[in-house]
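So that you can tell them apart, the chains are marked A, B, C and D in the order they are listed, and the count of residues begins at 1 in each.
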Amino acid sequence: MLVIMKDHASAGDVQHVVDLLEEAGAEAHLSRGEVKTIIGVIGDREVIYSLEFEGLSGVEQVIRVLKPFKLVGRDFQPEDTVVDLGKTAVGGGAFAVIAGPCSIESEAQMFACARAVKASGATMLRGGAFKPRSSPYAFQGMGVEGLRLLRAAGDEVGLPVVTEVLDVRDAVVVAEYADVLQVGARNMQNFMMLEELGTMQRPVLLKRGLSATIEELLSAAEYILKGGNRDVILCERGIRTFETYTRNTLDLSAVAALKSLTHLPVVVDPSHATGRRDLIGPMSRAAVAAGSDGLMIEVHPDPEHARCDGPQSLTPEDFDLLMDDLGPRIVLEGKTVEVSG
Amino acid sequence: MLVIMKDHASAGDVQHVVDLLEEAGAEAHLSRGEVKTIIGVIGDREVIYSLEFEGLSGVEQVIRVLKPFKLVGRDFQPEDTVVDLGKTAVGGGAFAVIAGPCSIESEAQMFACARAVKASGATMLRGGAFKPRSSPYAFQGMGVEGLRLLRAAGDEVGLPVVTEVLDVRDAVVVAEYADVLQVGARNMQNFMMLEELGTMQRPVLLKRGLSATIEELLSAAEYILKGGNRDVILCERGIRTFETYTRNTLDLSAVAALKSLTHLPVVVDPSHATGRRDLIGPMSRAAVAAGSDGLMIEVHPDPEHARCDGPQSLTPEDFDLLMDDLGPRIVLEGKTVEVSG
Amino acid sequence: MLVIMKDHASAGDVQHVVDLLEEAGAEAHLSRGEVKTIIGVIGDREVIYSLEFEGLSGVEQVIRVLKPFKLVGRDFQPEDTVVDLGKTAVGGGAFAVIAGPCSIESEAQMFACARAVKASGATMLRGGAFKPRSSPYAFQGMGVEGLRLLRAAGDEVGLPVVTEVLDVRDAVVVAEYADVLQVGARNMQNFMMLEELGTMQRPVLLKRGLSATIEELLSAAEYILKGGNRDVILCERGIRTFETYTRNTLDLSAVAALKSLTHLPVVVDPSHATGRRDLIGPMSRAAVAAGSDGLMIEVHPDPEHARCDGPQSLTPEDFDLLMDDLGPRIVLEGKTVEVSG
Amino acid sequence: MLVIMKDHASAGDVQHVVDLLEEAGAEAHLSRGEVKTIIGVIGDREVIYSLEFEGLSGVEQVIRVLKPFKLVGRDFQPEDTVVDLGKTAVGGGAFAVIAGPCSIESEAQMFACARAVKASGATMLRGGAFKPRSSPYAFQGMGVEGLRLLRAAGDEVGLPVVTEVLDVRDAVVVAEYADVLQVGARNMQNFMMLEELGTMQRPVLLKRGLSATIEELLSAAEYILKGGNRDVILCERGIRTFETYTRNTLDLSAVAALKSLTHLPVVVDPSHATGRRDLIGPMSRAAVAAGSDGLMIEVHPDPEHARCDGPQSLTPEDFDLLMDDLGPRIVLEGKTVEVSG
């Protein structure tokens, strides 16, 4: 941490900062220029992040050089994390294709969808049982009955399943049915849920918040790893900007940046990011080329009757064509799409 | 709802939309122009918000004229909601001044703060026992011991207390200590928490999410009212934009807009919005003039040693000066700042 | 400037940075910690801002402590700039009320408007002769004939006039008619225009760009002052964010921030910021309370027939009521609204 | 255009809107529901975009179905525009690689760069002679001497050259030296410059503004086409968001969206979008996969001494490696990179 003092800050102000630092258990190293004094601070991450010197007398700016996360960093673990899901994996060259309906609506819909995406080469099955909806008047999901259908469909086609934990109180129940627990964008900074998931032995798919920075996404993942759960998959799903043509703005630079900052796998959700069926193909291709470790795509056997996100869902036929198109592109990046058994 | 068909959409496409609408229980009214056909839709809010026609063949655009909320609207209840807190109130001419430390750190700090803000004229006492922090390495709050101190301090000085519910599982415990339950910006779309608070008999202070639109904030409040709890106070606390000089961008237009859209009281938090002590005065004055029903201000007896948000906390002396300045301004708006007893 | 080296950067990398600095004419001061070396740099603003070290080997971060502007800063000139317009002034306690139509449409409209706003107490007359429009199919303004009408109307009612310079080639012509030259938001970083206006002896009203930071606005003003023209009035007119309820998001924190960073007067345009007639009143009141030195408000004798910005224009009657409401508020801030003669 | 009246708007309000529409030369078609009346409007683009009914009595919302542009649309011209530059082309399968330094600094630098990028397979040479800089203290470019060097270097290596027109008054001079005239992001809505370029016989490379929507970019291009110049190349170069890790946020969805909305070629500038050398490779690959018609990349023979944008410039060696990597990817998209002679 650097504390930059104002021009001609008084000796008393400088000393006061130094005293506070030492009181907190950090070391202070002074660098006095003609105009400016800069105080370099050395100390533990916990200490540094508990100090808030921005408002002190004579202080112009405080710069935290130490990042707010540690366990998720490439510095801490240079090699890629590979999340092992039994029949398949994510990260370290294993490319995940996570497909299925936005929300689970019926046994017929769920099983039709599961068979279709499996036939086209998906490696994981998705489906929402608890749906976060801006309006309380929109469809809220089938709940536990939906979980049961998802599990059964996954078992039939031999794919691991992922679904969202919307309420921290449901985490254990969801974990009885799901192989991967999803944290939605609106819960990315639900720190109590992150802590709870950190104590569980179940991989987590953590979606980036609508207005979360890359650093905040990594700090949220750090909560989970700090609790002992090392199996976290990050998901870029678009950020909120001024542009209204697309539902959100897919930030593919974040994928490339994350791949260098962290060892965790990073997947991309072009469905929620764009909200437009016609953009899912190009953005899937771009995500593969940007270095992502997987894709998460909404597929519905009958998008016109979907109770959620119909406009951005692919039909099984379109998904199949997309998978054919993506195959050689994934190979070109040195990755493989595989499910055993 | 309006479904605008593409230029020269086929009769079959139009009929298909009409069929789907009728199947869902809505009425369709066609308006055929030479180039465009527009389908007006009449139906319940639940039906309208469950229809997703954006991706249908021949459909260009879908416009929801009906707002996603009802109970919070001025149409539903023209007169102001007044949240009654016994000794004081918020809304309908009663202006709230909610003051106290960002986080509760010790008995001495909490009581010193409570006495100071009461002496200066605050109407409610705030203090965080559970702190949401981006980094898991930052101070996380004192927990239930903090709640106990807050309650005791509030009782001593005769002020109702407000504190954040960070975890839905703690809602009942927090409600044992607090008069008002705060939902933080990061939990504004934690729908399960909103539903839980909707079933409780405790007023809720709902903060706007960092990237939540005005409509989303009202929809979040609708969740609480729909559950039966009519006592919601909205709080504008700055939105996330590209500007980095301030921590967030305080959106005072939203205050004026909310006052015409909803009957619920609206307060402003200039401390979190700006993150800068020197801007709290001007933004408090501006919030009063914009029509807000209250202010939420961080005050700390010793900001330099604050474990959280020191840079934006006022000293008791500065808070006292600010209250003197604000007094006549609040009167000018036809409002009063009062605590009985 | 501070150059923060990566952890354990090599001595060679450090020396290389130092060499480049000295080559450029700056002084380097090393501060070596156990883990990090930090290089403090002292030199002219021109030198500092011509160095781009972010990509050098071993460099982690470069922090420019020196602001990119000088002449506009409070450090350079502590006392307020007062822009003298003969019959009236802006800044240093003189509050400007700049009113008139978005675009000049006819002699009748311009004169009716001028008489009305003068009668209500405006201190300056505005009107657009050259209109920047997103679409080439929208009304583009009356051009020089509009300038002539504006000048004549201003002369009749005894108010100085302000109008936009849309094309740098028209600056001299516009200056023949106008007392104050306006730079629109879309031209805030049209640096060639800023340089041209810097050489002219005519006050400039510089609007903040839709996505310009406070620092960029000040740097744009610096271009004008650097050319020799000291009479610049800054204007906050809303920034572009994700919120769509209002046309832009009025950033009143920026007004308070600018008042402490610069000696230049700062006015607020609530009409363009909100795009909604019903929000102009509350935002005008808030702008006064936030410390602004003036307001810029669109008034049209017949908003329904306005060729531009009708939805956000006040009628003369509404403007008159607003002025009555604002009067005591401006006095409360210790400012005066005055036109002589 | 649709005018949606408020619930239970009076017959008088409805009639008033109809009268104003007919007065303006448009046709009104009423659709009366039980609660709402909707007025469909048919008329010329010029008429529609000159009507501003949002503020009329009884009007709830106005929706413009007709887009604000025409000539740039796929509806108007389904087949791709191919911009012919003699030795090479852009669009319709011809992929452009535009490379060179951010700013032209010396004869040695310019020629070294030109030879290097030509050897690696670039199809166009770029270099800035007039530099737009936020701060007036930063390097502003070599001016006409720079243009001369760029032209000479382009001629020597046999590549067409592109450079920015910073000042509309320089457009003719720049056109004497350059094959393609660039409009920078900050000038995207400098409508007078767009009109000027519309009258010239020189292709234009139009960069998206920092906070410009896709629709605004197309409307800006419409200004040029409306003037008679059909050779416009669009350029996505990142938009301004809250994320600070990258300089801007590259919006690759916009590339795919533009390719379906317009027949104009679309290129991507990953250098300015990310501001980080390490992200240029992944974002170039992603841009190719997203369907772009070209790339614009900063290359400098000695990035450490670059006077502008060094941190994001590639060395000739890195550029050569990138070109090798991109070759098969461009072929995979069915495009070719070619320069004749």
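The working rule: contacts are C-beta pairs under 8 Å (C-beta built on N, C-alpha and C of every residue); 3 or more make two chains touch, one makes a residue touch a chain.
Treat the numbers as computed from the prediction; the structure is a model and nothing was measured.
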Exercise. Any chance you could name the chains that touch subunit A and subunit D both?
Key: B, C
Quiz item: For the homomeric pair subunit A and subunit B, should the interface be classed as same or different, according to whether the shared residue numbers exceed half of all numbers used?
Solution: same
Exercise. List the centre-to-centre spacing of subunit A and subunit C in whole Å, with centres computed as mean CA coordinates.
Key: 40
Practice problem: Please work out the Cα centroid separation of subunit A and subunit B, and write it as a whole number of Å. | Solution: 26
Quiz item: Rounded to the nearest whole Å, what is the centre-to-centre distance of subunit B and subunit C, using the mean of the C-alpha atoms as each centre?
Solution: 32
Exercise. Two or more other chains in contact with one residue: find those residues in subunit D.
Key: 211, 215, 240-242, 244
Quiz prompt | subunit D residues within the subunit B interface of the complex | solution = 2, 4, 29, 31, 33-36, 38, 40, 42, 60-61, 63, 65, 240-242, 244
Quiz prompt | Partner subunit D, residues of subunit A touching it in the complex | solution = 211, 213-215, 239, 241-246, 249-257, 259-260, 273-274, 276, 278-279, 282-283, 285-291, 328-329, 332
Quiz item: Residues of subunit B touching subunit A in their complex?
Solution: 20, 45-46, 48-50, 52-56, 68-69, 132-139, 166-169, 186-187, 189-192, 210-211, 215-216, 219-220, 222-223, 226, 240, 277, 303-313
